[in-house]
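Here's the structure, in structure tokens; my notes come after.
Chain nomenclature is as follows: A, B, C and D, assigned in order of appearance, with residue numbering initiated at 1 for each chain independently.
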Amino acid sequence: MRVPKTLDMSCDMGESFGPYTLGEDTRIMPFITSASIACGFHGGDPLVMRHTVQKAKEHGVSIGAHPGYPDLMGFGRRMLHTLPGEIEAYVLYQMGALNAFARTAGVSLNYVKPHGALYNHVAQNEQAARELIHAIQSQDAPLLLYMLSGSLCSGMARAAGIEVIDEAFPDRGYLKDGSLAPRSVQGAVIHQVPEVCSRAVQLATEGTIPALDGSNVPVKAGTLCVHGDTPGAWIMAREMRKALQAKGIRIQAPSPGPQPGDQT
Amino acid sequence: MRVPKTLDMSCDMGESFGPYTLGEDTRIMPFITSASIACGFHGGDPLVMRHTVQKAKEHGVSIGAHPGYPDLMGFGRRMLHTLPGEIEAYVLYQMGALNAFARTAGVSLNYVKPHGALYNHVAQNEQAARELIHAIQSQDAPLLLYMLSGSLCSGMARAAGIEVIDEAFPDRGYLKDGSLAPRSVQGAVIHQVPEVCSRAVQLATEGTIPALDGSNVPVKAGTLCVHGDTPGAWIMAREMRKALQAKGIRIQAPSPGPQPGDQT
Amino acid sequence: MRVPKTLDMSCDMGESFGPYTLGEDTRIMPFITSASIACGFHGGDPLVMRHTVQKAKEHGVSIGAHPGYPDLMGFGRRMLHTLPGEIEAYVLYQMGALNAFARTAGVSLNYVKPHGALYNHVAQNEQAARELIHAIQSQDAPLLLYMLSGSLCSGMARAAGIEVIDEAFPDRGYLKDGSLAPRSVQGAVIHQVPEVCSRAVQLATEGTIPALDGSNVPVKAGTLCVHGDTPGAWIMAREMRKALQAKGIRIQAPSPGPQPGDQT
Amino acid sequence: MRVPKTLDMSCDMGESFGPYTLGEDTRIMPFITSASIACGFHGGDPLVMRHTVQKAKEHGVSIGAHPGYPDLMGFGRRMLHTLPGEIEAYVLYQMGALNAFARTAGVSLNYVKPHGALYNHVAQNEQAARELIHAIQSQDAPLLLYMLSGSLCSGMARAAGIEVIDEAFPDRGYLKDGSLAPRSVQGAVIHQVPEVCSRAVQLATEGTIPALDGSNVPVKAGTLCVHGDTPGAWIMAREMRKALQAKGIRIQAPSPGPQPGDQT
């Protein structure tokens, strides 16, 4: 048994747009420590962004930019073939926009986590990962990168001196190589609260997760992603937090800059 | 005859979008001192913004955010009825987005100038002006406001401690009360280069401009706006610059912060 | 007591967009006779439109185009200042798009009802009303116009030979001149199901509605608009239908073309 | 030497949007026989569509719907991964919208030609081609399909009973298998007017085109596509028309429905 450690719980937030409400942001906010806030391309609009930053601040929740492809109709879940430099420009634009709301609220942007198809693309594509890394490095203050545990992008970002928080998904099925099972596979998404909580605890305490084939595969987790767009998502968040705390794990957002011992 | 002073020449830039090119940015950039850069709502996109910031930097041209209403089809020229706080949120979002590109290029955002219908609305509407002022004041670094000379917004912003640069339009007709003639009125837009240059010189040296009724009306000018969306606009910019310099006027962008004597 | 007549019950439908769901379309569809389907400008997208047309067909519900301003963020509720001919072009575009789905499903477009700020604008503005009328008249098949009872547009459209269905709102407060109470006024929206049902019955049987000052004002009603964007809207629709049928009123969509006696 | 025949010259038109002008539509219209009109997704807006339909009518130019992916920023040139049925819905929506303007102008929609990435995708993807075919077949009146000569989609559409017009590109380089050379290859785009005219004549009279390797490859051509988005495109169109007519070829748009001998 390892010594208890701290762990982050994060959730995609602020994805409502104009007349449209998405997610249970208000109910989930009390249980998470980091909010990945949409920046107006795949979801979110200026009023939603300002409101979400304000709510995160009120709950002491750390703020991350959650940039996506400019495709509201497809919710940023469709790959867009971009010109060289275009991903960097997309990320800069959206980080900057969110940053303005963070400053106005008197808080700092803590991290960046790409959304949807952009997340998947940078995770495994070298050119895209490089553009994301450039965007992060061009900012004045250091920013964390939340990225798929074990991905190409994670390694590249760390090599470039960016502090990477490994993201794991307790409610998603994993293959035996440690990658996420495609959504088309049976067992790709797990809905039972107790099972998801048990997987979260195993990720936190053992550094492993049960794969679809029954084996336990090692998966590093600096943050556990809670999905917020399913009804009852807030209950999942609440129960997961309880289960982790019951094991002596402190739920806490990571900080950019020198943080000895936080991410082991 | 007054002592020569410095004067700014500014132009709306970066209003191209995706496959669409608008304006003669490249040709105009050498002759102006301030670029009001569109931020993706009424025009501009992330690649265009990055490119325009880079070009402004190369020419030593100061950079301003040029936020507009989210209405690409109407080019931000249509008034949009907004919710309380929405104008502030629109301006913050766009300032922040542009700021990210400025930082990446190693330059600072110098000012804000609203675009089109938003410019006209904040110029004369108290609630809208207040939201714009809040947006500017919430930023870390001081920003100048480029605003219609003599407008309600100018006065409010100055009273709030913002340094305002009075904007005048040498190629636009003025009424005898010092306001702009509506575009529907004959003489509302002046196309002859020598006449526009002569008006620019009079604005700079006399602080007046000939009104449509023939009288000379006082109009303060800290910046002269050059229109960039007409063919040959760059020639107008070049000739105006020459004419002003010939009168001993130094063409130079204003700087935010304590600048004794710059704006008299 | 008048003889029972037929009455239409209509609802704005198909306003979801991409990942965003709005309204309780599926639950409301069984209780209404006409679906005013969003056409992609203020809400709706191609997949949503096709699905909504299909569902309307399955329930034998008549289909209307529900065009709005191109302002998804503002849900078409913000007035947009348009160029001459632009409203006509907006309406044509959206009617045509919906028509393609109707044809594919083997049903006909029955009517047009403008949305939100466009509805309010054409209701009272002569130029806008004329453009809407032109758009309707340019179609091959006759289309009904659903329009605010007693409005300028209703009169103009009838004078132009268009069959107009007077729209009344049982859940909205009315002023003593027969116009809708602004939403800012207390009593502007009525939420109690029994009260709304009673008002619907009075509209149908007496041709009057209680105004905010207590008087009964005459309001013609060819269709009763059911709001679909509030939780429990489907219950309101069900109960209203029941209440009307209990009075012997036949709930039925009007048909374009010669329909003797349907709209008295 | 074959007997002279008729041939269509077509061009993508109406791709301007709001404040943005693209292409030399007015200058090209006199020289072509078919206008592929953008429908508001990758380019075009309601006012532009109406204007372009009107201009086509005035010049006796046949009208085709030119639907694309909903990606204005990328001009429809980026592949979008779609849900099953989504391509069909996109095409229906856009065809319908354009159809409304055609009817209002008293002309008929003659054909459909997908744009950019959608064109390339349906050309070679069976599921996408099937959705396009369904969209075309669901219309009341028969519509021609303009499609890449020799493509999978052409064959499928013909097998489904749709009359397909083979599209060839005199200003594009071809590989020896009759496919278009990728744009990255040297010689992929030919700019010299005489050479393009000569290739157009060869396509029309010999049914072949010189490939990059020097061989003449067979390419069927029912329509020659003129590119309209390069400066001087109208000169290319004019000269190509002259060159073809000088060979006794009649420049004429095909018609849907039984047309014995037109497309051999």
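Everything below uses one rule, namely that contacts are C-beta pairs under 8 Å (C-beta built on N, C-alpha and C of every residue); 3 or more make two chains touch, one makes a residue touch a chain.
Keep in mind the model is a prediction, meaning the values are calculated, not measured.
**Student:** Can you check which chain pair, A-C or C-D, has more C-beta pairs in contact?
**Tutor:** By the number of C-beta pairs in contact, the winner is C-D.
**Student:** Using the average of all C-alpha atoms in each chain as its centre, how far is it in Å between chain A and chain C?
**Tutor:** That gives a centre separation of 43 Å.
**Student:** From the C-alpha centre of chain C to that of chain D, how far is it in Å?
**Tutor:** So the centroids are 40 Å from each other.
**Student:** Touching at least two other chains at once: which residues of chain B meet that condition?
**Tutor:** 73-74
**Student:** By the document's touch definition, which label belongs to this structure's chain graph: line, ring, star, complete, or other?
**Tutor:** Complete.
**Student:** Show which residues of chain A lie in contact with chain C when the two form their complex.
**Tutor:** Those in contact with chain C are residues 15, 17-22, 43, 45, 72-75.
**Student:** Can you list the chain C residues touching chain B in their complex?
**Tutor:** Within the complex, chain C touches chain B at residues 70-71, 73-74, 78-82.
**Student:** Show me the residue ranges of chain C that touch chain D in the complex, using the header's touch definition.
**Tutor:** My answer: residues 40, 46-47, 49-50, 83, 85-86, 89-90, 92-101, 103-104, 135, 138-140.
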